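Got some structures for you, see below.
First chain A sits with chain B, and in the next complex the same chain sits with chain C.
Showing the complex of A and B:
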């Protein structure tokens, strides 16, 4: 095993992780930035994976600037690194292009971003049905639309972003189906006023969609997607403010070959759950978040979280949080005095407050509505890895499973390769709904290594029997 | 005040749950109390190995009976917990391991385990997935495996059907004795009163016995377990190595479970805290050495299970010295295998029925300098 020491390891080179690493490194902290992908940028600033000519978006320009800044910094950026374990104080195990290795550092910034939530509906596991985040990857990395004719459905600002991306990439958008009503969007305006640039961008997206003749159905949700000989039939229906189908509401069907759907983002807490730091359930965004102080310190000394992994607030907040976390590390490692730290942090905190107001409003727009969970049919698969249905989850609940780890043991829900990243939120919501309890009671899946499935041959490497370091034999 | 229970069992693992089940079925008003959910500690997270190759020699008669109870679970427990009979093999890669294999097979055979030495070729006929590099092997016909994570579901159904009162998420803070009854203090709730008490807390038994003024050191092992994603069939036996550092099996769902008692970091207060990466690699290398096709798989998950052990590494099952109507059950090596039998033994003793095999007197383990009977404490 190849182990190297440094002062700070940052996991994830998105906007938060890159900013954190550069801030800390600029203050003399030896910093290693570990990234799974081939280029820094994260999801929003994702680098193209193709030389095809693609539309130049503001994100692309900002991403290129971020990558250039990183390249010019003293941060040691390591690409293609799958972080699979964090242990000790702190040992970060990776599987990289050169096989397994690890880093050792007294400080660790977790900047692993967010996961997409998709609340199950009939047909959500069909080929051609993808997440808004997956559609974003296709668009940003490859300049490709998910299909020739795509229905875009769900909640939050990603809807318009993906729909416009598809139009720009030359695809057709059958419709944008938004759970929220125009009134709900209007209610966000005060919080959005602090970011007139983004407000203008959103208005531009809507204008572009109108120009392309894309119908926008607000206060609607996907009822079902079914396979047809020619592709997919997506049926949508009007819903009330709790996401419940309106009785007698007229359903509309669209013949498409792709559906991009997403119901908001949830913080990726794999690493923080593994490290057993304290988490709290935020009812406004309906997400679990690690408990953080103003320096983005978790409840475990030396572990910091920056960006959406601490609570989904968007890209602007992520970069500012990253810088603040980098400052906190420099302070805690003695590279900055408290006075120096505070002088730098104050202005960042003011900017962050503005960015966070906007981000929190967007997070509320993306929050799932109870009617969405209630509408999941009994035979719909909730856990895609293990094919566990809502009925099986509720059968286990009726037999006495009250929290998600007991549910996992009794049904295998969340035991598959995704470690419950896809189903965990829905399973917890269903348990809470069944028992009329709350998400604090239904809890969180325990974090486990490996954080991603680990090819066994790469983990062991080539070896002989004599190379295995055996502990003493078990007693007779 | 509610009526006292005939018996309160503290600790809802397989030991406590089995004891409670038999007592409830015999007509006792039974409470089963746990600080968490049923069978969520060792009983729900162990490797589920039914093997005599890894059983302490003196416990073999108990393990044989326990294994049969697991296989018969649909009949007496009411639910199949995934117990399957498979051949069991223990193999050796080095001359030192071969000597150990032969010595250990003989010792276990003397206690009644049907373990026979076989040639490497015979071993490969039993387990075609086996590495051709082994130099010796032993075969046991009475092996198999159980899906441990289903244990709680099976027991909970049975306990509910038997009329036992399940008190999950009830952390016990201490136990008082008054008026010939035990008063079990639970945070934020009225005390649970019972005429008899069974402590079945696994690695937490040292603290539990402390409530009664008894000092019994209990060691805590932090056993690492590793499971692969589902993969094509690569093996059909329960497989180990002479040194006891590997247990390997493939379940019907295609996942392969790798155990063997490699240690992680943890303690009774915090539970299993984290795996040690080098121990993961060592354990997995040993597994791949035994079944080379495992190289095709991916590790899906690693976790840790806490195992308890007494000073002499033998169980404590029986009445507590100096305290009437109080009993303990736990610290059984390979305890998951024999658990359904051990719980029945203690239940039979409490019910004044003749146990099929001897209990394991806890009195031998009580440290005299700190021993104090409950009557002496105010």
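Showing the complex of A and C:
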């Protein structure tokens, strides 16, 4: 296996990872940036597929600028790299286009971003039902809507972004179904006032949807999706402020061929859980976050987290966090004195505080409501990989499972190929509700390698039984 | 210049843009059911499109791959990612 040494490895070339890598490299830190995709940018600044001539959105322009800056920097960018293990101090194992390899560096910045949370409902496993984030990927990279007629449902700012994207791509939006009420959105206005550009954009999205005649149902949630001979039938119902269905509330059904649904973003903690750094449960965003200091250092020396992987605060905050983490690495590796570091960091921290205020307001709008978990029917699948239902989870809970790793061993919930990335949050919330305990008690799935499933033959290469050296048998 | 190319899913001939993401290409070609879940045998398709959920796993050239992390090439013979004969 080929292994190479450097000063810093950054995992993930989204806004945080790219900024961190460029900042560190500019200060003389030899930096390798590992990215799974073929182009840098992450999900927000996702590059369009080479096959498409796409409209130039603000994200596209900022993404192109980021990719150009990266190309002009001394950062060594490695694309198509699946990071599957991190061990030691620090060895990062990858599977890339040239096969397996690893990097060795004293400093590691984890910039793996966020995952989408989807609280289960009957029919969420049907083909044609995709995440809101998945819909943004289809729209940004391929200019295509998830279907001809899509229902857009869930919570947070992605709802309007996806619905408008579909309309612009020539698709139809059956309705936008928002858990929040207009009053809840209005309550965020003070925090959003710091970003008049984004506020104006949000208002423009709503105007565009009204113009397109798209019904917007606020204070509503998706109750179920069923397969029909022609497509999908999505049923929505009114909910209260805790996300509980209102008794006797009138359900409405929509005939569609696609549903895009999402209930906020969760920090991707695969690497930090694997490295056993300390995490804390943030009740405001209802997510687990790695514990970080002002330089984005984790509780393990040499490991830093920048961007949404440390707590979802959005793209503007991610770039600033990346730069601060890059500065902290330069300080810790002796490329920068404390005074030089502080002079640079101070201005960035002020900007970050402003960006974070907006990001935190959006995170609160995306936070799941307890009634959403309570409303999951007993026979609904929670763990998609292993088809484990809520009833099976609660059966195990009744037998004494009070923590997610116990639950995993008893029911296989979270044991499938996604490693609990999709079900872990819901499983933990259901256990906490069942036992009237808290998320600290129900815990987090333990991080395990490989971080992503990978074909064993690609790791071993050309290898036969004859290659195995057998030690002589021990004397009897 | 982008090129339309032929490929197939479980023997059904399809066309798509070479260089496209395979998950998007299959969706655009109208193929949404990519596999059946191993325990309940329920239809599944692309869900997260970012390499996390593993729902879009298909067989490509004898290997199991995430369709959302695979690039479409001319002549690709893709098979459903359903694992047959797994004892439950």
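In the analysis below, the second predicted complex is superposed on the first by the 462 of 476 C-alpha atoms of A that agree within 3 Å, B and C clash if a C-alpha of one lies under 4 Å from a C-alpha of the other, contacts with A are read in each partner's own complex, and residues count from 1 in each chain.
Here, contacts are C-beta pairs under 8 Å (C-beta built on N, C-alpha and C of every residue); 3 or more make two chains touch, one makes a residue touch a chain.
A quick note: this is a predicted structure, and the numbers were derived from the prediction, not measured.
*Asks:* Check whether A:453 is in contact with chain B, with chain C, with both or with neither, and answer first, second, both or neither.
*Replies:* The answer is both, since A:453 touches chain B and chain C.
*Asks:* Looking at the overlay, what does A:415 touch: chain B (first), chain C (second), both, or neither?
*Replies:* first
*Asks:* After lining up the shared chain so the two structures overlap, which partner does A:115 touch, if you call chain B first and chain C second: first, second, both or neither?
*Replies:* After superposing on A, A:115 lies in contact with chain C but is clear of chain B.
*Asks:* Looking at the overlay, what does A:468 touch: chain B (first), chain C (second), both, or neither?
*Replies:* first
*Asks:* Between chain B and chain C, whom does A:56 touch in the aligned arrangement: first, second, both, or neither?
*Replies:* The answer is neither, since A:56 touches no partner chain.
*Asks:* Using the superposition on chain A described above, determine whether A:36 touches chain B (first), chain C (second), both, or neither.
*Replies:* After superposition on chain A, A:36 lies in contact with chain C alone.
*Asks:* Do chain B and chain C touch any of the same residues on chain A, and if so, which?
*Replies:* In chain A, positions 416-417, 453, 455, 457 sit in both the chain B and chain C interfaces.
*Asks:* What residues of chain C sit close enough to touch chain A in their complex?
*Replies:* 2, 17-21, 24, 27-28, 32-34, 37-40, 42-55, 57, 63-64, 69, 71
*Asks:* Can you tell me which positions in chain A touch chain C when the two form their complex?
*Replies:* For chain A paired with chain C, touching residues are 36, 38, 43, 49-52, 115-116, 125-131, 133-134, 137-138, 141-142, 144, 146, 268, 381, 384-387, 416-418, 421-422, 452-453, 455, 457-458.
*Asks:* Which positions of chain B touch chain A when the two form their complex?
*Replies:* Interface residues on chain B, with respect to chain A: 37-38, 40, 44, 54, 56-57, 93-94, 100, 104, 107, 133, 149-150, 152-153, 156-157, 160, 166, 168-169, 228-229, 242-245, 253, 260-263, 265, 273-278, 280-282, 284-286, 288-289, 294-303, 313.
*Asks:* Can you name the residues of chain A that touch chain B in the complex?
*Replies:* Touch list, chain A to chain B: 1, 85, 87-88, 91, 93, 100, 102, 274, 276, 396, 399-403, 405-406, 408-410, 412, 415-417, 419, 446, 448-450, 453-457, 459-460, 463, 465, 467-471, 473-476.
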